[in-house]
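Working notes, structure below.
Chains here go by letter, A, B and C, matching the order in which they are written, and residues are numbered from 1 within each.
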């Protein structure tokens, strides 16, 4: 088959899915760092009154991928986390369950049974998480096994080494292969933005991931120095918006790591709302990858309910 | 299988996007800046000779909140008599105290003013917003902090003037008459007063008719800072007071910021008198977006360029030149972004676009927008709802604008953008410079050499490359051509207030 | 009898003093002239062109056209061209001095004026690549931006030369405008135009491009109002305008917000090495341009 040159901005009917990598790279337009950071900072200054805040905090819980990714994870620890995921605050029935519990593949079947019919999804990191530096066949096999074990969602990492050395086709193909291996499971592609160096690269990686089949793009593993930030999330959402305009396909966004308090979680929702509008304000299209955030939100919600500032002594550490 | 076939196959496998419930009703609640810590006196007098004195006319005019049309206070209507009294007090203060004071002492007074503005910043921001209609987030984060910063910056120059002008003896000029506009009331007062005082001049300031209140708060600050009486005098009033001030024979220097029309009138009034003059006048700035620009940030810059402070900005990027190859995405993003702008109560911390400053200004904006429609340009307006009372105009842009149309030529001074397209850099430069104005310009491109060439070719005093509407006390500001002459800010901003020998 | 001695004597060739516009020497389009006599004997020296508003218009057009290329030259290049003007002046020093002398200066005064004039070109030639360093700045703004200010030429500058010293006065005012990249339309001394017109011949034989500097002789009262009201003139040096005429000129100049510059010759004179020539004279015909750019990765 010969390569037919089709301009990227033609109609949605003609353009989709031809020259996928070329299109991805063409949409990887530059990003001005200072302006992006200023925009994110100005959005973070939006101030919310009580009603919106409470509503937003509950929404944030429902979007949360409650995560534990430690070498010392045990069934005991993970079970407690699952309990918390299903009923984050037993004293308040208004508090919704989280979106998913995110664990290493070996925990998947256990989590699946622990969560039962709660509706909380099981997400597994895969593909040689967190470095991604293993053999392609192993990545595919790991993904397949995690899905077979019951994972609803796979959080893969891209090969940053390949990306940074300019082997975009390799990165693209690997994502496409993992997507295929996912079968029915949703694929979140972790760009590890802290490794990529700047927003231009983040935009390029986002575009490659989406064109290669990602259902979500995700910032970070939580294992490097710089995790999710507001401006990185803003830039990735702008990519999702452009991709949606071109293809009509809605991609989800997952900032992960470093989102440790309610105020910051709300700022993420403001960035989401102002960039994507109300359509994206759902756990189908936005997730927050976090571990310590949940308790802070619970404390904040109880403060709003009771009017008194709260102590950590009254919230379980799971 | 080629890579491209593989890519295509991969993409064709993609499942459709997940269904979205989209039932969410996420809105910001009104988040009003509290006003209970601010009390505005029901009546204000003139600040002359260090005291608040009744106007000669014994008349006070109403000053309102343009967002509600409610009266905030009554303000003294200064006339030629009051101007004369103020000029005499300024002269006395100049001869008796201020010019004799060492730079070090002058500096400390000016530093005090900076500090007091910082201390009272929230009250100043609230009053600025109530009197002028600008969003509280702008008065809080931009106007007031920058005003304090200006005083802080120029305070430091007061005892270092000989380093600013090598091989010259530096002396003050005398009494400076300063007439300021309503778009950045306190900030413009700071831009004018700070360098004048640092150089050893005394001042008679006339604030704009519609926005006198923060200048009068500044008068209280100046009193509190203990400046010698008469060093700064503030005469409120209408055009008559302004005309009396700009033609007063006892004035040595005039600094005016406002419309080009009034600026020309002042240049004529000053003709033949030997008075020193600086003018910061109107603009019709081009904001030029090249196809390789960071588009999302460029759209932010376009929005900030024209909708910042309701477009009541002399350097507003009111002519958007966008390269034809990216016109579609830029306008799409712009429409989307305008849809998120929150127009409404300026005291709401979430408000992006506040009230139009006055009925007269609103009428002018409406008239020019009508002319745009009449001339056949295509209008896009934010569908935001506007409050019933007060003066409001939704963020607006015109596409398909001809270079010759009024909306592409005349300063609108409102939230109205004219969009034009271009094909080559030469065309962009030629059309951008094709105006009697030359205050500012914006350029958006990733190519470094193009930025520098554009910056060189654009005939304007301030070039924002990959940014827009940024201000700083250290950064000289002012125009080419009919946008005026003289600079405010930075070392260059001292020059209008000194005599060199 | 034939007077052989008369036949044998060589008749000298008189010079026609014309205007200097766009690198050429046209007669005034009006066809008018005014006589220039020696200061002492009242002997007719020349019929100078009595330039008209149309000559002025043509000169402004030429100056506007020449502006982009002249302001776009490198500073080094402009400096060399001004230096070249000094060289050519030097070679015509005798002629310039004779004209000055005929118009009322003593021989030593005339020689001194020519020397100073030449030195002034040299002085300003040397400033071409230095004044931007003096008047430009990098500004430490409170944010992640690189911010710098550079001087740029104002555009087309009208210069009204003083009556005397006709040559030194004119050169003292046009040299700083030219070295800063402006183009100039100058009205010469009304009473003593001759050395200024000869200066045109200096320009024509130096390397200064056509249109960059233009010289109009004539009656100031006829010319100055047109210069003042011309919408394509960006600045005027009013040094050679009578105090009594100043208000009218400045009023007219307001129509396009012209920059007005006036050298206080009465107070400073033309010989003060520090004040009658200085980089501040260059800055008077400069616009300060400030450029912002974000600093990010």
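In the analysis below, a contact is a pair of C-beta atoms (placed from the backbone, for glycine too) under 8 Å apart; a residue touches a chain by one contact, two chains touch by 3 or more.
Keep in mind that what you see is a predicted model, and the values were worked out from it rather than measured.
Student: Based on the touch definition given at the start, go ahead and assign the chain network to line, ring, star, complete or other.
Tutor: complete
Student: Which pair wins on C-beta contacts, A-C or A-B?
Tutor: By number of C-beta pairs in contact, A-B is the larger.
Student: Mind having a look at which chain is the central one, using mean CA positions?
Tutor: Checking distances from each chain centre to the full centroid gives B.
Student: Between chain A and chain B, tell me the centre distance in angstrom, where each centre is the average of that chain's C-alpha atoms.
Tutor: 42
Student: How far is the middle of chain A from the middle of chain C, if each middle is the mean of its Cα atoms, in Å?
Tutor: 70
Student: Please output the residue numbers of chain C that touch at least 2 other chains, ranges allowed.
Tutor: Within chain C, residues 145, 294 contact more than one other chain.
Student: By the touch rule stated above, which residues of chain B touch at least two different other chains?
Tutor: Chain B, residues with two or more chain partners: 466-467.
Student: Of all the residues in chain A, which ones touch at least 2 other chains?
Tutor: 32, 34-35
Student: Which bits of chain A are touching chain C when the two form their complex?
Tutor: Listed in rising order, the residues of chain A that touch chain C are 32-35, 37, 197-199.
Student: Which of the residues in chain A come into contact with chain B in the complex?
Tutor: Per the touch definition, chain A meets chain B at residues 1, 3, 9, 16-22, 29-32, 34-36, 38-39, 45-52, 55-56, 59, 169, 172-173, 176, 179-180, 186, 211-213, 215, 235, 238, 241-242, 245, 248-252, 269, 273-274, 278-282, 284-285.
Student: Across the complex, what residues on chain B touch chain C?
Tutor: Residues 149, 166-168, 260, 263-265, 267-268, 270-273, 279, 281, 436, 451, 455-456, 460-467, 470, 472, 474-478, 480-485, 487, 490-492, 500-501 of chain B touch chain C in their complex.
Student: For the complex, which residues does chain B have touching chain A?
Tutor: Within the complex, chain B contacts chain A at residues 2-8, 10-22, 24-31, 137, 141, 292-297, 300-301, 328-329, 332, 336, 340, 349-350, 446, 466-467.
Student: Going by the contact rule set out above, which residues of chain C touch chain A in the complex?
Tutor: Residues 144-145, 294-297.
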